[in-house]
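What follows are several structures.
Both complexes below contain subunit A, partnered by subunit B and then by subunit C.
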Partner chain A sequence: MKSPRALAVQIGFLLLPIVISLAVAAALVIAVGRDPLEVVDALWKGAFKDSRKLGGVFNFWIPLTLVSIGLVVTFRAGLWNIGVEGQMMMGALFASWGAQYLPLGESLSPLLNLILIALSAVGGMFWAFVVGLLKIRLGVNEIFGGVALNALVNVISIYLISGPWQPRIGGSAQGTEPFPTPALLPEFSSRFPTNLFMIALVIAAFIIVLILLNATRWGLNLKAVGRNMRSALLLGVATERTSMSAFLVCGALAGIAGSYRVLFTFDNLRPLASGGIGFLGLLVVLLLSIRLLWVPLIAFAFSAILTGSTRLQIALKLDSSLAGVLQGMLVLFVILFHGVQEVFFPGTLADEEIEDPHPPAPSPTGREREVGTVELTKSDNSPLPRSGGGGLGVGA
Partner chain B sequence: MNEEFLNTLGSIIGTATPLVIASLGETITERAGVVNLSLDGSLALAAVTGFAAAWTAQEMGLLDVPMQLAAGIAAAMIIGALIALLVGFSSIKLRRDQVAVGFVLTLLAAELARFLGADYTRIPGPQITRWAIPILEDIPVIGTIFFQQNVLVYFSYFLMFAIWFWLFRTRGGLALRAIGERPEAAYARGAPVQRLRYWYTFLGGALVGLAGAAYSLNVKPGWSSPPAMQGDGWIALAIVIFGGWHPFRAVLGAYLFAALRAVSSNIQTNGLFIFGQEINFPFVLLNTLPWLLMIVTLLIVSGGLTERLLQYMPRGVQHRLRAFLRSDPPKALGTRFEAE
Partner chain C sequence: MDIELRNIHKRFGAIHANNDINVKFSHGRIVGILGENGAGKSTLMKILSGFQPADEGEILIDNDIIDYTGPTAAIANGIGMLQQDPLDVGAFTVLENFIYGGVEGITLKRAEAAARLKDLSRRFGFELDPFQPIDNLLIAQRQQLEIIRLLALGVETLILDEPTTGISADQKDILFDALRRLAHDEGLVVLLVSHKLEDVIDLCDEVVVLRNGVMVGEMDMPVSDDNLTSAVIAETKQQLVTMMFGEVLEAQQRPQYEIGAPVLITEELVVHDQRLDMQPITLTAQSGEVIGLAGLGGSGQELFMRACARLQRIDSGALSFDGQSSLKSSYRQLFRRGCVFGAAGRLEEGLIAGLTLTEHSALVSDDKLQIDWKSVEKQTASRIDRYRIKGRNSDTIEQLSGGNQQRVLIGLLPDDPKLLILEQPTRGLDVDSARWIWTQLLERCQRGAAIIFNSSDLEELVTYSDRIFVFYAGQNHEVPDVNQTTIDELGHMIGGDFNN
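Let's look at the complex of A and B:
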């Protein structure tokens, strides 16, 4: 049992980051001459005014939760999959190809939907495979590989939209023609415009990955690779294959998330259709210190803020980037205050962290774990550019 | 030599300058063992802050133009330094992961730039203008390329030599390299590791801020959303690696990227002619070139492939080629150091 004081400190550190980010956001709103209460009102109404708005929240929640689940997997393996945004986009491209060129009629619409979702998963896996190959075999740090591949797929999509896939009339860089109806994912109803099958798919993916991570050998291997690549290798874990499998799982989920953007949200392919959701997923997972269990809930909160923010522009003529500012600050302060607690209030950490001698600290790199004195910690799975070897730091 | 060609080279030097300054700043930060991954967002936030400060000074009619620009530059440098200090503080004092904090700051700073810059979008403001250096500008070829530029460009030349001199020719530079390579040894010899890390993180961040101002006050004047320099922060980070944490090689890398961009944008506007024959090609795809170059350069310097290819070279060449191509990061890069 914990002392009341420790509990108070614990709760305090849970609330402080939220309070401070809200306070800073309010100060920013006042600085640009608006009323913070009106902003809260607009955000709330924008997200929860009626079931239509709620449907909109789910339309962000579906792709955001999918990528976040995938990112938990890559982070577990100690990998910074910043390329997730591009993997979403590649999934969207594959789905868009299928939506335009697969000749399946109205009656086969559900089958076509399934095929397109599968295609998008392949697309996401393909782009994740490239990042993985660059990282695992060729020693290119996955952060830079990912950033470059994100940019590449964006250029490719703009080329497709303004070139081979441009609308027959009035071709521009705005987007392709709307896809034929059988390809699109159907709305549940006009009152609740979201797709129930995809919601079910997200829940299924969540449960499956939860089981895979916690109850299978693969989950254990991921953890081993993420904690310490060299020991994992010495223990007989196929480190390269494990890392690659993490990339592929994340890529598949990201690809499906991308398909939802084009087959439901937009009904066509647009430049930057992934809309920063991949990066937002990275924030969700960092906020949670890579814990999968709370991903759907936090993703829902972030989706609500995102949906609500679209109203800011209309109601208050305020830039919708306020949502991103709020989310970014929240994650930043959570990470910083976790550090403050660890350094200045040791012994007040949550129970699970005491039980586990190697808590999943906000560092997905495993470098922050050794909280000793006089030490220079550098784990083998450093995400930083590294010299030598096959890029795995396993002593080539 | 062809006058037009020389002017083009000159403009490449000009447009590369923000990349040069940013990658030099990040080079010294990383030499000290700290990774400031926030560059892409820092550049945007510094750019909009610098522009807003200079524009406000102009609107209020407070100062003359050079002072307005100086105010903008100072504001941008402060922003860049503050963000970098936050990365340093969270790593050194709070034991957080530099990459995680840096990445969150990248996104946060970019969103903040968009939010705060909404009122400053697409309005004209003060600009840093060309100022050719007397006498030097008349040197044939070199004068046209290097000395008909603006003050920031001249500063970037100075910066390159100053950083090189500091790193490799002074005791202070020795300490800087030591805290990035073997902090425990440096500490044992009396170097104040943490204080120096704060200091070089601060300095590097200020230079990143200056690079941001170089965009909004000169290279891509004003502010727009999405920002014109989006992605350059990542390129600057890659240039630091390509440059092997050496100022000269970093500058070379920045010029290489700028040259490639100039070529690709020139082809996109004017078309491509080979032997008088117009080549038809979807030129949009040329925008992939800087990113492909990024992947290729990282491939070359980070081992793997290079090592394999080197096996096929004659022995004598192998050694020298490896030393030339490979770039090894400071050994303690991205790690924490804790003294008792």
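Let's look at the complex of A and C:
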């Protein structure tokens, strides 16, 4: 049982960063001569005014939740899968290939949808496999590998869009032709424009991963590898296979998220179709200190703010990136306060049976885990660098 | 300076680590602090040296109550502690390490400091090159540096925690001479925390003994000049053991059993790392056999052991485990065939901080995807019982004391391994715990396991090994007749003196 004092500190540290980041955002709004309440009103209306808007929120929520679930898995294994954005993109490419070249008619549309989703999962896994292979076999840190592969998949997509897959008329680097209707994921209705099957898929993925992480040997192995690779190896865990499986699971989920972007949001393949959602997923997961349980909820809040922010521009002539500023600050303050709490109020941290408060920091050399043939070097499990992911470029 | 500790209490959760300790340390005396693991001696020394505050109680220096927190404040009050692993900065040179604890003003005054360093080293017969990087130093030299650094800071009470671990016989003599001069000639208080009773008897003027957080006795040591016969030593040792454990320990007997077929064979095995190019090693370990590797830290024995477990690259030569060449195997493949490597750093390699005892059990229980938590909980409880671990299923491993962590590690070993490769299996454990660990290990030998282990405790090597290999600067020599070898001879061999 926690003492009342510990509980008070815990709740205080939960609310304080939210209050502070709201205050800073409000100060920013006041500084440009606007009323913060107006902004809140605009955000709220932009996200929840009617069921159409709500559908838009879900269209962000689906890919964001998928990548966040995947990232919980890689973080649990101590891996910083920055390559998640590229894995989304590779999933989108695979789905786009299928959408254009698999000739299934209107009547077989649901089957085609399933095939394309499966293809996108394979695409995401493929790109994640490359990161994993570089990391495990060659000792290339997954952050460096991920960044490089993100760039590479963007080059490939631009080549495809402006080359083999360019529209017959008016070809440019804007995007491919819209995919045939059977390939596209259907809207539930024009009043609620989102895809219910994908929502169900997200919920299923959430429940399955939750069970896998907390009730199975695989989940325990991930945790062991994430916390101490060398000990896990000596205790008999197949560390390489475990790390790779984390990459593959995350890649599959990211790939499916990518498919949603091209098969629903855009109806065609565009450059940067992943839209920074993978990076936003990193923020969601960091914000939650890798607690999977809260991922759908926080992802929903992020999606609502993002969707709502489009209205800032229309209604208030404020730049919609204000929403990104708010989210970025929120993550920074949460991580900052987590650190403050740890230093000044140890012992009041939340019960943490299903999360790791600190993913291990990546080692810049990436040498720490070549096992089997290469000497194990000693490196500490230092806590995570206390800053959020890189620049956010979340766009619709 | 004279120190008095009054009514010191310290609790860690339910454990009363220091329970009303009252003791005086007088200037010019070398005092041994004895006790089994978890008796509270490290806690007491950490309180005295400022690393942690006491819950209750007072520290008096020359009859004044002094209140300080933090090691820096303790040093300012004249009390300095030499940690078991010296707290120096690897990339720095000797001189830089010497300077960085005691900078006053902005400029470093290197020349002045270098002169001071040389002067102090000469006084104590230490050989320290001011411009060597710390990484190139032996443990003994790092200790020497830390001692003179503390002296330069004006320390009048010097606390040493297990200073004779990992140093050779000659280096120990130099260290003890220096400590005697500091205490007897210069009037310092020297406090020695050690499990090695011979060292304590040799060096100390008196000892205080702790048991379960309570001070259970004080005793003067025989004067360490000429009348220190082996009979006197043995008798004193027995008295100390009785005080520490409250009972007389029987000498440990090796069970009798047959040595079996070869388990591990190396032929002309060559390994290297950045610091060491090793001579080829040819060795055969047979089922039931215990092979001890002696040597100062970093002499190549660690590299060799890791190479055997396939945790270290092998340059050339042959290696076979259980009848199959294992040059191309991974550690995990060997592990599944019954070869287990136990590393010296428990929380760095071996156990996983943040995981509970139950989770550790689950990791080694079986391979099924579904974990049967109920049966794992049961297994864990029976392990705790069987291995006398002070802890609960739901405790995370870092909540346990070092000795208990070691017990967990031994408890996690498979029951019937073919080969155990163990780095310092009893490092930092008291006599009783170390014996207990060996009982467990020898049981496995009796069932057919071969053991290869290294240790900086020469007595442990001589007691348990069927054969001993001495490593010195990458060379290796088999000790010809282990039964006839004394600890003293072995101490000279690890210093590179093989003709003795």
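Basically, the second predicted complex is superposed on the first by the 346 of 396 C-alpha atoms of A that agree within 3 Å, B and C clash if a C-alpha of one lies under 4 Å from a C-alpha of the other, contacts with A are read in each partner's own complex, and residues count from 1 in each chain.
The rule is short, and it goes like this: a residue touches a chain if its C-beta (ideal position, glycine included) is under 8 Å from a C-beta of that chain, and two chains touch if they have at least 3 such contacts.
Not measured: the values here are computed from a predicted model.
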Which of subunit B and subunit C A:Ala238 touches, first, second, both or neither: second
Touched partner set for A:Asn228, first subunit B, second subunit C, both or neither: second
Most subunit A residues touched (candidates subunit B, subunit C): B
Contacts of A:Trp218 with subunit B and subunit C, given as first, second, both or neither: second
Contacts of A:Arg137 with subunit B and subunit C, given as first, second, both or neither: first
Which of subunit B and subunit C A:Ser189 touches, first, second, both or neither: neither
Contacts of A:Thr181 with subunit B and subunit C, given as first, second, both or neither: neither
First, second, both or neither for A:Leu283, with subunit B first and subunit C second: first
Overlapping contact positions on subunit A, where the subunit C interface meets the subunit B interface: 371-376, 378
Subunit A partner contacts - residues on subunit B that touch it in the complex: 35, 37, 90, 93-97, 99-101, 103-105, 107-108, 110-112, 114-116, 118-119, 183-184, 231, 234, 237-238, 241, 282, 284-285, 287-288, 291-292, 294-295, 298-299, 302-305, 307, 326-329, 332-340
Subunit A to subunit C touching residues, read off their complex: 215-218, 220-221, 223-224, 227-228, 230-239, 356, 371-376, 378, 381
Residues of subunit A defined as touching subunit B within the complex: 28, 32, 80, 82, 134, 137-141, 143-145, 147-149, 151-152, 155-156, 158-159, 162-163, 279, 282-283, 286, 318-319, 321-322, 324-325, 328-329, 331-332, 335-336, 338-340, 342-343, 361-365, 367-368, 371-378, 382-391, 396
Residue numbers on subunit C that touch subunit A, as the complex places them: 273, 306, 310-313, 330-332, 335-336, 340-343, 345, 347-355, 359-360, 362-364, 367-371, 412
